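So that you can tell them apart, the chains are marked A, B and C in the order they are listed, and the count of residues begins at 1 in each.
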């Protein structure tokens, strides 16, 4: 496999462990130079998929092709793929230099080339001067950078990252995210990243593939995944909280606007495709998108123009988050929802909430 | 009694017992040492006259150079082949789960659980039948039977300690399995090899039953000679026997000093949490 | 090309390598352990011409003097094992969180384990013999008139075995107990349990698997007692263990079939003993096969 940049990777994996199917015809097309993230909860099969791409785990069925040529018939050590592991997996008995040069030595590169390459990579991760240290003498963040450097030193065309940041503390994670994105762009890599953290996925990726129990749920840009989740699972995983199932009670004369109701909660939406009476619609709205239009701290109630998309509720728990409050509200039908709002409310307050129809996310069936 | 006093009493009894035991131990050892330097000694706290002649006597009568040679060759042979054979097996046990693994482990436990007499006697019979009985080779072969599983049980945890992802990362960097073994695994399990080797050496030198059953006139180890000397101590002066015992003690204790630099005593005995 | 073929076959070569690694040890045990063992088994079932196949066993079991070795061996192994374990458990428990002079104590205790049975026997013969320091000391202090008879009898074997087994068992249990998560104890104390209660109701059940294994190992070592029984005991009398009987039949009478039969009986009796121990343990601690969490 040459050192050229990848054009396209076609992935098709089915993996079974005994009777359990961990990946069910998982199909993904990765574009060259793209940063794509496999996102999902623990045990969904994302790490297994990565290991199959790496060749560390054999597939039960399927094919992996890079620019048309089969990858899965080649043993992992010959695939020319770089991989970064969650626990860094640095060789404890070798110095930083030897760790990074390991891949190059196996490629039988001449010593001067090795030295210059290692120095080049060390400066990329800003750890010049650390060549003679041992992994045990480094901090977590430094170890992770060395692990990345080690994977990049042999100039792989594809980089696989298996939750590389989950062992770091929050601030370090943010810094490292930026570094990884930077390196990806600078070196023109194609990267496949695995994580369970949706914030990471959203901030790093060109595209995200959401996986649940071995089945691909949705593939799209971060914006698509966030604003238009394809199903309940994706919406829930991406942080949507307030889920409603309402029935279409009436349709207005324009044929598009529908009135939905359930237990006294009424919504008026124009974005339902082809609404029919008695249809059941599942929808959700993010806590930040619900407005507190009246609370006791706001003085006497003013008249509210909207007839629909408002409801009353009782405050149950308030958590102060600094910039805003995280409020648990019980609606009239005893449904519990979560609202994020800077308004001052207290436990027991009767408040009125407004659900902006433009912020409501429809969840397709199935 | 309030709690504090009861606890102190308990601790006191504890220390008394432990120290008492150690004193008896030291007493036993020193008795042997003193006796080996005694010209003659009978019912007195210390001998009246001391001499080193018994060591010379021992040296000549028991043919010590030859015995030491036999003992060390046997030890070296068992350690070398024991490690060679148990190392790869330990790797497999640490890394792979396969059907029948538990049954295999029971098989490997058998030479440790079944008395050495029980399988030693048939083993000796077989050896003598095929004309290798009585040779140094037979002692090495016999001792390997319990020492290979022993080595496996010591080495397996060392391999388990090496994270699998280290091997995976080496593979992704282009290393073949052989290279991984050579450059990663071997260096990382050198402490384990050291521990296993030293422990096997101590066990082999101290081994009695198996070596006893397969040995011949020319291939007796130090322990066996010691046994015969004690057994026939009517014919040999007890001081000479004790001299030989001291030589044996010096050998084992010097090995022990080396071992204890690397291994705490609680790891020198069978690991109970292996199951 | 060939490698990729193997690879496509789903890592069959990986399993092949694993087999290759296991093969030497497996072959070795089959050749030098299983084969002799079965050879011995067959031998033991090979009687003199014209006699039934169980002849060798029959002769042993009907000969009073020979059969008595079983009882003599049990009479040695069981009390010693009980003594060793019962002493080791509280001691190891006391030292579980480290003690003063711990390294020194454990270093001394590893001595009898390393020095072996033969040396201990010789040492006991001298130190605890009729004219040894122990008796001399007691006589000189006027505590006793006649020296204690510690050697060439049952007591001698007990002492010899105890000297080796106690440190071994103690060190095993110490390693095991130290591995029990100290937070378990701490939470019990906060809940109000007294030290004795903690020991009986929490720690002891947690230690039960380790104690059982230690018991089994010590039992195995004691049941097979050979040189100690000869050097420190009465090999022709009350400490004639079954190992001695087997040896004599093999290398003094050169009757291999009968010797193998004795060896088989020895192995079987020991296995029965182990089964009894495990069955007892199951009855005492039903449902407490907890995994030990490392602290």
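Here is the rule we use: contacts are C-beta pairs under 8 Å (C-beta built on N, C-alpha and C of every residue); 3 or more make two chains touch, one makes a residue touch a chain.
Note that the structure is predicted; figures quoted are calculated from it, not measured.
Among the chain pairs here, which one is joined by the most contacts?
Per-pair contact counts point to B-C as the maximum.
Give the label of the chain whose average Cα location is farthest from that of chain B.
So the chain farthest away from chain B turns out to be A.
Can you give the whole-Å distance between the Cα centres of chain A and chain B?
Averaging C-alpha atoms per chain gives centres 57 Å apart.
If you average the Cα atoms of chain B and of chain C to get two centres, how far apart are those centres in Å?
15
Per the contact definition, I'd like the list of chain A residues that touch chain B in the complex.
Result: residues 54, 56, 76-79, 81-83, 85-87, 89-93, 102-103, 106-107, 147, 150-151, 154, 160 of chain A touch chain B.
Taking the complex as given, what residues does chain C use to touch chain B?
Within the complex, chain C touches chain B at residues 15, 17-18, 20-22, 24-26, 28-29, 32-33, 35-37, 39-41, 43, 87, 90-91, 94-95, 103, 105-128, 131-134, 136, 140, 163, 166, 168, 171-176, 178-179, 194-195, 209-210, 213-214, 216-217, 220, 223-224, 226-227, 230-231, 243, 246-247, 250-251, 256, 259-260, 263-264, 266-267, 270, 274, 292.
Which residues of chain B touch chain C in their complex?
Interface residues on the chain B side: 3, 7, 10-11, 14, 17-18, 21-22, 24-29, 31-32, 35, 42-45, 84-86, 88-89, 91-92, 96, 98, 104, 107-108, 110-111, 113-119, 121-126, 141-142, 144-145, 148-149, 152, 177, 202, 205-209, 212-213, 223, 226-227, 230-231, 238, 241-242, 245, 248-249, 252-253, 255-256, 260, 264-273, 275.
Okay, in this complex, where on chain B does chain A touch?
Going through chain B, the ones touching chain A are 163, 165-166, 168-176, 179, 183-184, 187-188.
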